[in-house]
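We just call them A, B, C and D in the order they show up, numbering each chain from 1.
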Amino acid sequence: MRLGFVLREMGAGLRRNFTMTLSVVLVTMVSLFFLGLGLLVQQQVSILKGDWYDRVQVSIFLCGEVSGEERCPTGPVTTEQRDALRAQLEASPLVDRVFYESQQEAYDNFLEQYDDALTENVTPDQLPESFRVRLTEPDRYEEIREQFAGQPGVEDVPDQRAILGPLFAAMDGATRVAIGLAALMLLCSVLLVSTTIRLTAFSRRRETSIMRLVGASRALIQLPFVLEGVVASFVGAVLASGALYALVEFGVGRLNDRPDFTTRLVETADVLWPTAPVLVGVGLVFSVVASLLSLRRWLRV
Amino acid sequence: MRLGFVLREMGAGLRRNFTMTLSVVLVTMVSLFFLGLGLLVQQQVSILKGDWYDRVQVSIFLCGEVSGEERCPTGPVTTEQRDALRAQLEASPLVDRVFYESQQEAYDNFLEQYDDALTENVTPDQLPESFRVRLTEPDRYEEIREQFAGQPGVEDVPDQRAILGPLFAAMDGATRVAIGLAALMLLCSVLLVSTTIRLTAFSRRRETSIMRLVGASRALIQLPFVLEGVVASFVGAVLASGALYALVEFGVGRLNDRPDFTTRLVETADVLWPTAPVLVGVGLVFSVVASLLSLRRWLRV
Amino acid sequence: MITFEHVSKVYGEGYRPALAEVTLQIDKGDFVFLVGPSGSGKSTFLRLVLKEEKASSGTVQVAGRDVGRLRSWKVPALRREIGVVFQDFRLLTDKSVFENVAFALQVLGRPRHVIAQSVPETLALVGLQGKEKRRPHELSGGEQQRVAIARAFVNRPSLLLADEPTGNLDPETSVGIMKLLDRINRTGTTIVMATHDDDIVDQMRKRVVELRDGRVVRDEDRGVYGSAR
Amino acid sequence: MITFEHVSKVYGEGYRPALAEVTLQIDKGDFVFLVGPSGSGKSTFLRLVLKEEKASSGTVQVAGRDVGRLRSWKVPALRREIGVVFQDFRLLTDKSVFENVAFALQVLGRPRHVIAQSVPETLALVGLQGKEKRRPHELSGGEQQRVAIARAFVNRPSLLLADEPTGNLDPETSVGIMKLLDRINRTGTTIVMATHDDDIVDQMRKRVVELRDGRVVRDEDRGVYGSAR
């Protein structure tokens, strides 16, 4: 009886301020969409970082026949130099495992990676032999680089991070923009929820005043208003999750399906958990807080 | 006297529904921000297309010593073949100008473009000679490609559009997303402007009813309400333009300053004209329309 | 001043008529009491005069205008010739007495010096000299109603409508308000007042029009409130 | 039933007190008229009883509760023992007569069969049998006030407050409402009624408490409206 009463009152409120409710739903949807986007980009960054750290290898290129005077004043690497380097690497606590790549192996890889036009004119002895080193702590990359670059027999230790650095910076920037927009829009949706409640309280002040007069409890008077905000926010959160799902399914998913695209990307499963529940949670918390704040001012007993 | 009166009434309305006005400002700002973003991306696309069409050249690579059997069954290009091709090109109505790039010139360009590690092992005769053709109508690129690919002495006519195509597709997609978000948010801001006017009309119904009773004209009664929406939207549009300016200045601008980045990008000047005026215009039109719609319902004389 | 000819007003499908075939003439300078039980159509009559509502049938003429045919942009001009007073005063609570009365002139775009002259004059007429700076809540109910009358009269309308102006006032205060309305009537202003207050009607002995279920059932000069009592 | 001891109420800094040092006792079963000019504090008195406002000083006791010290979550329980009726009826326009009265029981969570029994009983008491399905706008003012009284009384409160319940009604209808209140009073319900209506007060000859500027200036059993007239 009472539950039915509360729900009927809530429904009446939602219908009476339909444009307002629609605004709340849309603004909440957009705000939570950006929040979710930020979360997904963050997830993507951590996937990429994880992948990169798994794969990260220091390449130590050794001097060959074709290396320039400038970098390799001692000429091609000697057997002793190569053994000394290997021993040094294997002794280092930073090093997990060491692979040696000969000139022939480098040539095979080169053939695989690039297309005919370029490879036709390249011979194995034009490519450098190298040590490929996997680290125990990928973060301490720079230390290895500094230790080995410039040692006799070493031609170059290129810095791979220079490639990924800007990518990560861009994604971090995107996250910040998305979260910033989300914060701005969440502010809007809090303002709107409280305005909606104020509007509803205003348009239903006659009912409310009668309820107060006949001695309805505070909870019974206020519950329909809180529920109204909660329902609107919930719908907004569900719509935002749906939009993210569609984005991942049709936008990211299409990339993922391309055979030449090997980077692991966020999936729809990532939207379903944990993004969507987080959005619903944030939406509910904000709307309840907004409701309670405006109820304090507009619906005293 | 009357202007002062209208402005005072408008100020009272804005202050009385401060949270609502703030919502209108913020939502309008976000909606117009996306609209502006969409416009800027569109501008960027057209800049890129323009640049690309200016630069577009069909490269017709000729067979050389190192070309494979498969593509060049007749061996390196002969003088007659080369002259025949040149004659054909110069006769074509599609062709604007023809440049000839010899193997030595190709080698010089190659040295310039790539770094030492790769170029050290390359000799001029490994690189193909080519015709670089500028077109009268860049759109009809494909026709030239079809005409010359496979002619005797021609090794390859690569399709440059394959590189830029996905980029344009991505930017078009971004435009669509931004415009879509803008539309959604503009809907919100229309709803909010009309709700604000409803709220103000409600909270000022005593003043309005007195004004009607003493015979104030319809314009005098309604103007403060319309102005209220207009002012809020205007502030939102200005803020959106400011946000776009900051984005271009600090985000895009930083890219533009990098010496290795030669693509022409949108500039702050593009924000000032025509984006900002368009945003202000759209904001005003929408708020006036929203006002008039809600005034019809809520503020009859 | 006011002529109703076979005027009916039905608020909506299925409602019984609030006014039914009312024919009535009120001349310039008249003082008319509109009496009748609750729901008999008194307020509806006044709203038709003001063109707050449109008659369903019949013609309403006010100050020489055919109200039914009046274009909506000409309605303000009609209302400028009519002052209105209500039971609940309808003052602006955040404005002073002076500002409340001045408001009526400001919205008409009257110049500042006109306002500075007319408002104190009118406040003196209703007996509120020296209270210009008070806010409505600092006044008694009777004084608030005087402010409302001053606002209705500051523009010197030729017609003053009053819908139960003494409904919220005690009998003593009501008598004061009636004396004021009588004085305004003597300046030549036509007054139509809807009321339930039998004492006042019986005491004033003015023209009485009685409505019942939207019909005029009595129209007497120098009448009393109850006919059948 | 109601005990005021040295109760003052000041609405805000700089306002003159709406009630000043009021000491008054109203016993169970009393019928009290609260009279006095506009602004004398009658509505304020009733609001203090309902704890719509809090007294600035003094103690207010209602039905054995110290209202000033009552926790806010206990206020609904207090209001369930009090019925209230206003000048403007305060009915829900989109609900029928039956639903308006039932509303008071629904919000208290009364079971359906109780509602189905109490509401028609109460409607019969106020003389509205057969009009259960009407909407408020289909009723006369007097009938609307009867609905409001039914709603106030359906929960069988021990105290009924009425703030100018006949203010919007014509004298004839007012007499009917007074008879109804008198009948309700005879069932043992205490009634406190604020009014300006001198005829009614003079006719009923009940206890009269007169307020003036927030002070009790008269308290007579079987009194009349005006003392100094």
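For this structure, a couple of remarks:
Note that in this section contacts are C-beta pairs under 8 Å (C-beta built on N, C-alpha and C of every residue); 3 or more make two chains touch, one makes a residue touch a chain.
This is a predicted model, so every value here is computed, not measured.
Touch-path distance (fewest steps) from subunit A to subunit C is 2.
Chain centre most remote from that of subunit D: B (centre = mean of CA atoms). Centre-to-centre, using mean CA coordinates, subunit C is 31 Å away from subunit D. For the pair subunit A and subunit D, the distance between mean C-alpha positions equals 64 Å. The geometric centre of subunit A is 26 Å away from that of subunit B, both derived from CA atoms. Viewed as a contact network, the protein chains form a single closed ring in which every chain touches exactly two others.
Pairs of chains meeting the touch criterion are A-B, A-D, B-C, C-D.
Taken in their complex, subunit B has these residues touching subunit A: 17, 19-20, 22-23, 26-27, 30, 66, 68, 116-117, 120-122, 126, 156, 173, 181, 184-185, 187-188, 191-192, 194-195, 199, 202, 251.
If you check the complex, the residues on subunit C that touch subunit D are 15, 35-39, 137-138, 140-142, 164, 167-173, 196, 198-199, 225-226. Residue ranges of subunit C in contact with subunit B, taken from their complex: 50, 72-73, 75-82, 84, 90, 92, 103-104, 106-112, 151, 155.
Those residues of subunit B that touch subunit C in the complex are listed here as 1-2, 5, 206-207, 209-218, 220, 301.
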